[in-house]
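What follows is a set of structures for review.
You will see two complexes here that share chain A, one where it goes with chain B and one where it goes with chain C.
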Partner chain A sequence: MAVHSERVQTQSPGSGKAAVASTDEIVASGAGRTPKSGRPAGGPRVPARLTPYLLLLPAVAATVLLLGWPLLKTILVSFQNLNKRQLIQHLTEWNGFENYTEQLGSADFWRITGRTVVFTVVNVVLIMVLGTLVGLLLNRLGKKMRLTLSIALILAWAMPVVAATTVFTWLFDQQFGVVNWFLDKLGWHSMLHYNWTSTQYSTFFVIILLIVWGSIPFVAFNMYAGLTTIPKELYEAARMDGAGSFRVFTSVIVPIMKPFFLATTFLEVIWVFKAFTQVYLINKGGPEDLTRTLPVHAFLEGFGAQRFGAGSAIAVLTIVMLATLMAYYFRIILKQEDEL
Partner chain B sequence: MRRSLIGRTWPNAIAVVLFVFFIFPVYWMIATAFKQDSDVISRTPVFLPLNATLEHFDKAVHAENFWTYVSNSLIVTVGAVLGSLVIATLAAFAIARMRFRGRKGFVLVVMAAQMAPWEVMIIAAYLIVRDNDMLNSLVPLTAFYLMMVLPFTIWTLRGFIAAVPKELEESAMVDGCTRTQAFLKVIFPLLAPGLMSTSLFGFITAWNEFPLVNILNKKPDVQTLPLWLSSFQTNFGTDWGATMAASTLFAVPILILFVFLQRKAVGGLTDGAVKG
Partner chain C sequence: MKRQLIAAVGVAAMVVGLAACGSDGKKNDAGSGSSSAAGAKNYSGKTLTVWLMDGSAPKGWTDSVKSEFETTYPGAKVDFQIQKWNGIGAKVTTALSEGSVDVLEIGNTQTAGYAASGGLLDITKDKDALGGADWAANQNESTVLEGKQYAAPWWVSNRVVAYNKDLWTKAGIAAPPKTLDEFYADLDKLKATPGVADPIYMPGQEWYTYFGLLTTEGGKLAKKDGDKWVGGLSTPEAQKAFDTYKKLQSYSATGPKDKDEATPQQKDVFGKGDIGSIIGLGWELPDEKTMAKDKIGFFPLPGKTADKASSVFLGGSNLAVAQASKNSDMAKDFLKIALNDKNEGLVAAAGSIPNKAALNSQVAGDFAKAALPAAQNGAITPNTPTWTNVENEPNPVKDFLTSALTGDYAAAAKKADDEIAKRMNQKQ
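Up next, the complex of A and B:
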């Protein structure tokens, strides 16, 4: 039976070929357990073999049209000279690798790339370390306290990005922001009326706090969910052998949760690397373009400077970097999960 | 093992600090929205809005085109979520229950698509939509949102379908159901929590989307709430009370949905189904 893979047969030895059929409806599903009807199955009819493909057709069509096309278009435009004039007159001017040589030879591009990498690393390290600690804490808390903290985490998690960004702008408002008031009360008087978006670092501080605040809950909940699956006996055994809390963490929790750590780290890297809304809305890449990251750079080159070819080249370069990361991520995932 | 008093206290102390850290921005948004103007811009922040007012909400709701934005957001979001649910259920059933050539490739495409860098494909999306004369329309927006939530929807539904024991489906078919009937009568009802939580996440994604609609729809009558909210700050200058009321109106439906459905989604509906 063409639709059965070997793996399925090994899962349920002896019954791999047994079809669970009512009359002549052949099931393409695997792992039929002992059929109650005991009626031997014939080969699948052509329509049955085609069924999975028909089921996938709408999804594939949507992906090709709505994802494949924009992706292709990005690549095509990156080889074009497409500025305001060409856009209005609907002209197509190919210019070879010019956009790429311009970008790759530009100090700005490399500075922004470096900045994006550092920005990503800082965010992801904070998210993973703090998220893991919060997850461990959730596991240790009593029922009531855990529920209380969970509610706060869920609210931070669910908070829409645009709303969260607006709220953070208000929290860090120069004139009436509660953060400046609080820092002043703590004794840091120069922070009263501090303009957070006036320097590169302070702007990044707000952006990073915003992203980390919103991202920790996901890591923490996953960590906690993972921890609850570790059998108690393992902890007890480790304790009996004289392991302290730290040792239990490194020798019991880390090895078991390693797949989780790897997968989550990569997901966070990819999410933060392409973060746009937070970075853009806090200060539009300012002050003086010093908080531009790659996605914001592509956007501002494209729509701000009306240089769509250059913007697309930056986009393609960003996609290539992300794709490299993803390829690495997939290799790990594929090794871990054979049951895809 | 008994822990010392300190050993039992510090986790709770840290938890309290974390609770404040995570909930404060949300609280501050809602609190500011209810404050009198004088309290919003007072030198010492007012932490409890005791003399609350609905004035800011009134202002936010009566902002120009507010209800247009609300209905646009709902149309686009619901359209995208329902569309992706239908498409994803078909695909998820295929990859969860059938073995066929190209299955693994499809799964990989789904996983990659889930991480698609939409943020940098806006230029291309804009050019495509413009070349087809569909700028300032809800149709391409809905279509793109559908695609944004589709991979995730397929992926999670696959998990939910795989979790329904095959025996249920099989015994339905032994009892004379066709495969389609078995799906509709046995699997589909059991998928309800899965469909709910999946559509919840899709809903949030589409409801939140900002960069694309910001570029595609420049006319107010086809814009959505994220744009309204982001422009609110510009239009109302330093009117933080009204801005926070707008944020609250935008966020609270999502927060409620999330807290409510999060619990519903986690439930072992099929737990006892195979016994006996």
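Up next, the complex of A and C:
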């Protein structure tokens, strides 16, 4: 993974726009292709050559220990029939692909997968659109308002997920929720004791609102950070050529910010796809399992029902789906690099 | 530069995100400190780890048991560890696997499951020494699997109707009802009384109450058909029990149909003072400060006729020794003390029903006195290893109640029966 992250660092938008490319060249040659400058001509001594790897070592060790090992165990467990009995008696019962065939042959699994995909798409579209708009707004605001908005965004972002979810469950509480109270005051009297977690769509509405609210700051700040790197002259030039605001966005901002959009979208896809806390805490996948998404499914099957093998198989399948998406992302990245 | 930083941070986050999806079933808890080589009856320097559930052991019981045990066996120590209910299943499994617990409290509907999983020590030989000859038959049922004794019954408790005496007086009701029809009439009176929000507060997923009504009608949640389990909610008995349940629930204007009695805690709801009655356990009552004890009255949920109250779910706890315990002799001696008549009497005095009928006279408190007669008609869920699968969240019986209250009975029953059968016939 370290290799890939370097690649992302060095790659720069292959947009092909002449005006943009010139500024990019400077950035790319400065940060990326190091051999030209900086190193002594005779080649580095051995310790110096080792330094980068030594510096990487702690991070790699932590990753292997905290992520690699559990991942390996999960994969191993997914090929076992491991329930309460086997766990207590320390029995290892390998059962080949049985957990996988059981899941892949189950209508529930595919229904949940389809639901998770739709859930992810809705969330990511909302997050990207609203986050981008807030980012653009940040760029255009005056100093004071920008500071105010930034603080508000940071507060939303800094809120621990569990705390935020708890607050949302109270906001949307049937009896004491301020949302119902407010809707009632506004004239929707039937909403006074509306039960938000009683149907699939209203429960999803609350969950999506929570996730989108919590994710906008990340996109907005990144967008704003990216926008500050666009020189003013580019906007001026575009305006001179008669471009309106929308045209400036599509022809100047989008090409320059393409890597940002790609990276952020893929990040959000992964974050939303695996969102567990919000979905589980709002209504435990209810009513009647209708808001059960893949990570919640893995947890309820694995820990809830103590069928650790089946739960692990679901987790591994989730990882495979996300890895497929990642592969697609890296393909785009690598392609762009080739074009340079 | 900023852009590249963003990209780098992003990729790092992706890596973290991906791997965090996986989760491992096993958790390494530290084992208990004691080692083997037990000198007979000399437990000096050893510590017995005992797991009790949050809010379960009556006040004074733990102190009494601890001092009696530590006096009888000088130098030995008892370490009571109170466990939270949240996620208890996986925690107990881990503890039984690692041997980090010696004696543990297990719910009576869960005991068969853990016995079959090999986690509990067979204590058939010790039954008599523990006073097993006198155990109440309907309590001991849950501790036996295939003829072997895997736990000792500790206590049970059952739900009764708790009512707000002030509101009932205000509604002009002189005495607690003796039949369901009288109860409905009282609830109607309460409904017409100003200041009463709910004549009875009853969330839609109060499946223990439904279980009692089902037992009254002679129905069962699941029955064995050959060597397969089938759900019992599509039967006429289940439908009749549900009609009663639905009628009672319809008196609860504020009770959410898709929640159980713990969300929100019904004691908090009842404590607000505008709720006529609830159906609950002894500890599901407001504390003395919120509502004075003498303001709350109790009666068992009536049956159709005055001679027999509705049946109840006989929930309770057993005490078991872990198979992996390194102190099993000490654990058995602990059980002898923990379950002796003196300590079991404390359980009764605190308002639970003790494991011996002879101690019933020691049952104290208005709640327990109302609960005791109904306990005779009490029953528990099918005593089989796979029953625990049904109680795993999301519990299909709870979902069934919500869907049947808000929609079509037959479809809801069919769906729940399928899920019950699927879970009970699952491979172990």
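Note that the second predicted complex is superposed on the first by the 268 of 340 C-alpha atoms of A that agree within 3 Å, B and C clash if a C-alpha of one lies under 4 Å from a C-alpha of the other, contacts with A are read in each partner's own complex, and residues count from 1 in each chain.
The criterion applied here is as follows: contacts are C-beta pairs under 8 Å (C-beta built on N, C-alpha and C of every residue); 3 or more make two chains touch, one makes a residue touch a chain.
Keep in mind that this is a model prediction, so the values were computed, not measured.
Shared-chain residue A:T228: touches chain C; no touch with chain B.
In the overlay built on the shared chain, the residue A:N195 is in contact with chain C alone; chain B does not reach it. Touch criterion met: A:L55 reaches chain B, while chain C stays clear of it.
By the touch criterion defined above, A:L147 lies against neither chain B nor chain C after alignment on the C-alpha atoms of chain A.
Judged by the touch definition given at the top, the superposed model places A:T63 against both chain B and chain C.
In the overlay built on the shared chain, the residue A:F260 is in contact with chain C alone; chain B does not reach it. One of chain B and chain C touches more residues of chain A, and that partner is B.
In the superposition on chain A, contact of A:W213 is made with chain B only, not with chain C. When the two structures are aligned on the shared chain, A:V121 is found in touch with neither chain B nor chain C. Residue contacts after overlaying the shared chain place A:V320 against neither chain B nor chain C.
Overlap of the chain B and chain C interfaces on chain A: residues 4-5, 8, 27, 31, 63, 67, 70-71, 73-74, 77, 90, 175, 267, 270, 274, 295, 298-299, 302-303, 308, 311-312, 315, 318-319, 322, 326.
Residues 2-5, 8, 20-22, 25, 27-33, 35-37, 49, 51-53, 55-56, 58-60, 62-63, 66-67, 69-71, 73-74, 77, 90, 134, 137, 140-142, 145-146, 148-149, 151-171, 173, 175-176, 178, 181, 213, 216-217, 239, 267, 270, 274-277, 280-281, 294-295, 298-299, 302-303, 308, 311-312, 314-315, 318-319, 322, 326, 330, 333, 340 of chain A are the ones touching chain B in the complex.
Within the complex formed with chain A, the chain C residues making contact are 1-4, 6-8, 10-26, 87, 89-90, 93-94, 96-97, 113-114, 116-119, 254, 256-258, 264, 323-324, 389, 392-394, 399, 402-403, 406, 423, 426-428. Within the complex formed with chain A, the residues of chain B that make contact are 1, 11-12, 14-15, 18-23, 25-26, 28-29, 32, 40-42, 44-45, 86-88, 90-91, 93-95, 97-104, 106-113, 115-117, 119-128, 131, 143-144, 146-147, 150, 154, 166-167, 169-171, 173-174, 176-179, 204, 207-208, 210-211, 215, 226, 229-230, 232-233, 238, 240, 243-244, 246-247, 250-251, 254-255, 257-259, 262.
The residues of chain A lying in touch with chain C in their complex are 1, 4-5, 8-12, 27, 31, 63, 67-68, 70-71, 73-75, 77, 81-85, 87-90, 174-175, 193, 195, 197-198, 222, 225-226, 228-229, 259-260, 263-264, 266-267, 270-271, 274, 284-289, 295, 298-300, 302-308, 311-312, 315-316, 318-319, 322-323, 326.
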